[in-house]
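All chains are identified by letter, namely A, B, C and D, in their written order; residue positions are counted from 1 within each chain.
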Amino acid sequence: MEFVSPEGLRLDGRRPKELRKLRIKLGSLDGTDGSAFVQLGNTKVLAAVFGPRGAPTGARSSAISCVIAVSAISVQGDRRSKERLGRQATEFSRALTNAMEQLVPADILKNACIDVHVQVLQADGGLFAACANAALLALANAGVPLRDICAACHTGLLESTALVDLSAQESMQQAPQAAILYECRTQSIAIMQTDNKMSTTALEELLELATEGCIALVTAMRQALISSTVQQLSTSAPHASAAQRRD
Amino acid sequence: MLSQHERHYIQQGMAQNVRNDGRTCEHYRPLKLEVGVLNMTSGSARVKLGGTEVVVGVKVDIATPSPDAPDAGLAYYDVEISPLAGPEYLGYAGSELGASLAQRLARSMQAGSDGRGGAVDLTALGIIKGKTCWAMYVDALVIRVDGNVLDAVSIAAKAALADTKLPSISVTEAEGEDDEPELEVDDDPSASVRLETPSVPCIVTVSQAGRSYVVDLCEEEEQCVDASLHIAVTAQGSLRGITKQGSSGIDLGSLQEMLGIAQRVGPKLIQVVDQHIASGAATAQEED
Amino acid sequence: MLSLASGSVFDSADLVAVAASSFDQTSGGAPETPVVCVGDTIATDGQEGFLRGHGTQIVDGELVATVSGAVERINKLVSVRTLKSRYTAELGDVLVGRVREISGKRWKVDINGRQEAVLQLSAVNLPGGIQRRRTAEDELNMRSVFQEGDLISTEVQSFFADGSVALHTRSTKYGKLKGGQLVTVACSLIRRQKQHFIPLESLGVDVILGCNGLVWVTPHVAGAPAAAADQTSEPDTDVEPSVSAKQRAAVCRTANALRALGALGISITPATIEDTCKASIDAGVQLHAMLEGPFLEVIISQETQRRQRQ
Amino acid sequence: MARRDTSVPYQPQSRPEAVVSDTGERLDGRGLEEFRSAFLSPHALSQAAGSAYAECGKTKVMVGVYGPRQSARATAFSEQGRVQCDVKLASFATRQRRRFGQSTDERELSGLLATALEAAVLRHTFPKSCIDIYCLVLESGGSELTVAITAAAMAIADAGIAMADVVTACSVSRVAGQLLLDPTADEAFREDGSVLLAMMPAANLVTQLVVTGEWSSAQMKQALCLCMGGCLQLDAVTRKALASSEEQALAAMRIE
């Protein structure tokens, strides 16, 4: 099975440095404080935020709790592969939780709690990158202050070519892969996950490509956030200044 | 969580046939139904009934038939409550609700032990008598709970089953009698086989509040009714599966009245669902 | 452009998009206020003495937005106002809250905010209206005043150290709410104004616009202040106000108007409520059809005309 | 360490094909609308507040009621007491040995039993607390839930908990178009539809209705009437059993 054709095209016709079709929809889930739907190729993820709200009677240890759920309809394989993906999702949700804890200012979390729930609707590779993007967009849509806007991207080295945004088929190979959650303003990496053995030069190349991928994703995410805010602003009131709200 | 006064106001409204959102007692909330939303499943559907939102996916695998029904396939029903429905559905409460919904959905589709008489004719799922058959997994995922979840799940299941495309299978007979006949699966969609779903029922939940009988309750109204009956009704109006819920008894007269309402409302609901399925299938583009 | 008339069920994001696009055409392009996203640097055009307001942070000398919203400058104070966040209380706000729990001498009240509010036993008018010290016996029958799940109209009295809110119902217009319907909308759609108890005689309803986005609608009671069970004159009897079918239809029309305005993200004022209800009566729209595509387009066109008049 | 049971019964379950002879006689000689021999005895457990043991043909069920007591699960304040049910099938109850542990169908049976009993128990008499009903099916010879409901109601009465009325349940299976009252496991296996009705005979209120298979409304009416007749018959037996156990208790007290 040849993953990169001589002309440099991948199985689904994309070039190595090309992301899959990205679709973002904010605020589509009623009954939540904030929500975000992210679709990258066939991977579809929906995230919802509940809070910040009064912590229930027992004050929990960390104020942000993140749950990533994989359901039977979202997995291609059989029951065993669903359980395996579910375990990986729980493990990744821990990494995502403490990344979010650093992103949200401490005073918000002092005596309130935020629940970030992510549901994987369809898993076709690059799952955890999509989950991280959806969770952060949902937080922003809920009006939760964030220190920085960040995006996540998944890259791999197949047949000595660095590919961005791997599909399930591409990520099934035992090739070196790297996924990062990248903070764009401070240009720092919040989460990094690598799979399979790779040389340090390969790692650098993958991180380089992943950063480019994140920057491209962030512009799309920023655009979605801005247009959603502009729409809400223009419907709620043509006048915007707070003073007028106090008449 | 409602106050006693809101509960009284809602019950009085039901008695006057004017509910909080202006509907009459036998009026359904707006229904949005799309088919083929998950392209990695054999069949899928997404339903929004008022605020309640459900996605159902149907997957098929190869399995060995049960000894009691060698020529029939197998069907499994499961309902999961997504964490998107809210933190209160994580853990025990969510799995409890999911398990009871799955049992009621299965009861409405249940076939006899010989695989016949079910909502979906399981004999159509048999491949080689006694050796191999299709196992059909109907999995529902509840994304938002806003009352009347079981009806939304059953509508989505009916639509997903109508959308299901079974890959066509050609069985090449084995020459020697010891080796197995090979199965050759051709998953090109144009050659796929559709299931017979006209006799698949829709569940109509009829609830009793005082002397009034109400259909399609939203979440607040569900806290104001005494008892409810989940009644699966087929297009012809016959009853397929019933379960009672709620903590007060139903007198016999009301029981007959509620069955009558379900048999009147059910076929109309199925007509609306079938129209959506027909039009939904035509516009099943990638929009989510 | 997604036309509403075709379908009948939309999620709030579609509705806001359609409404915004039609308003933009009339008010000529993007709104004049600058909009920033999380992580954008806010131009302080060299002003040295700027004050950091809500929704912003200072990162090595630069002012950076922490939320996406509209930039607001009130002389030196620069802040970013978001639209969809939860209710943040201000002193004197009139609220509609729901009692969640009774513990010790306090009711814990859910006001749809970041933290639960507290209503002290001392901050309530006791039945019988006499002013006296609270005895242990009062503490025992707190549940006869307000129970779990009860809706109450109340006012923000003060703040605790940890930022949570202390409420009071020390005036006749506040107290337990009966015989009506609750509608929840985004709190940014309700502007702080002098009068939050609004009688709408033309529609035959009384409305309490809670600053936290909870709106209580009841049939209009001539003369008496809107809706509050006057808990001072006689103890809280269990008489449930009976509502006639006509009154109920009026309450339902107003509630559906509120839901439609909330879904479209149009700010809620007595004027917009009355116009929407009158439009639905003139157009002869069925009560339950007020949330479906065709009527929503009527509201959008009505709101567009109102903006042109402004 | 739970042993992975991969064993299979040495002899496949023999399911008789013809269950109803054309003369309307069933395998065990009963008529179409006849009950199996029933044995109901309250107060079968000493340590429970109330208990009952019931046998209906081969189906044997033991029920223990504990409470009203503080509920283990911390729940919000409620003026109405809670009824918590837990139905379990013993591992030897069915022909194929069952792995012990809460399986989905046991959870469903518990839910159906709770709904059937909640309407009859006057729950406002024990606010903020709960009664726990533990039901163990020792042998499943057909319509286990029916016998469980009747036995549980008797156990609650035996515990002296206020009830609006006793609850009796009865089920009907449709085999080849014929309605069989109180079906055995073999008859239930051949059914293409079943109706289970639990009701309060004196108050004439239905507390549980579970229907599977396809039924026209006429057939449904007929099945419901048959079930109600069965419930009334069972009601007489239940009241007699409760009365006699009460007399024994009084007699025992008088002697000392």
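FYI, a residue touches a chain if its C-beta (ideal position, glycine included) is under 8 Å from a C-beta of that chain, and two chains touch if they have at least 3 such contacts.
Keep in mind that what you see is a predicted model, and the values were worked out from it rather than measured.
Centrality by C-alpha centroid: the chain sitting nearest the overall protein C-alpha mean is B. Centroid distances built from C-alpha atoms place C farthest away from subunit B. Averaging Cα coordinates per chain places subunit A and subunit D 51 Å apart. Spacing of subunit A relative to subunit C, judged by their CA centroids, is 33 angstrom.
Each chain gets a centre from the mean of its Cα atoms; for subunit B and subunit C, those two points are 37 Å apart.
Shared interface positions of subunit A, defined as residues touching 2 or more other chains, are 25, 29-30.
Along subunit C, residues 11, 148 each make contact with two or more other chains.
Residue ranges on subunit C touching subunit A, taken from their complex, read 11-14, 16-17, 19-21, 23-24, 27, 30-33, 35, 37-39, 55, 57, 59, 64, 66-70, 72, 74, 79, 81-86, 110, 113-116, 162-164, 188-189, 191-193, 264-267, 307, 310.
If you check the complex, the residues on subunit C that touch subunit B are 7-9, 11, 98, 100, 147-151, 176-182, 240, 242-243, 245, 248-249, 252-253, 255-256, 259, 286-292. By the touch rule above, subunit A contacts subunit B in their complex via residues 23, 25, 29-32, 35, 37, 39, 42, 44, 46, 48, 50, 67, 69, 71-74, 76, 78, 115, 117-119, 121-122, 124.
Within the complex formed with subunit D, the subunit B residues making contact are 67-68, 96, 99-100, 102-103, 107, 110, 112-113, 116-117, 227, 229, 234, 237-252, 255-256, 259-260, 263.
If you check the complex, the residues on subunit B that touch subunit A are 38-41, 44, 51, 55-57, 59, 61, 78, 80, 82-84, 86-87, 90, 137, 139, 141, 143-144, 146, 288.
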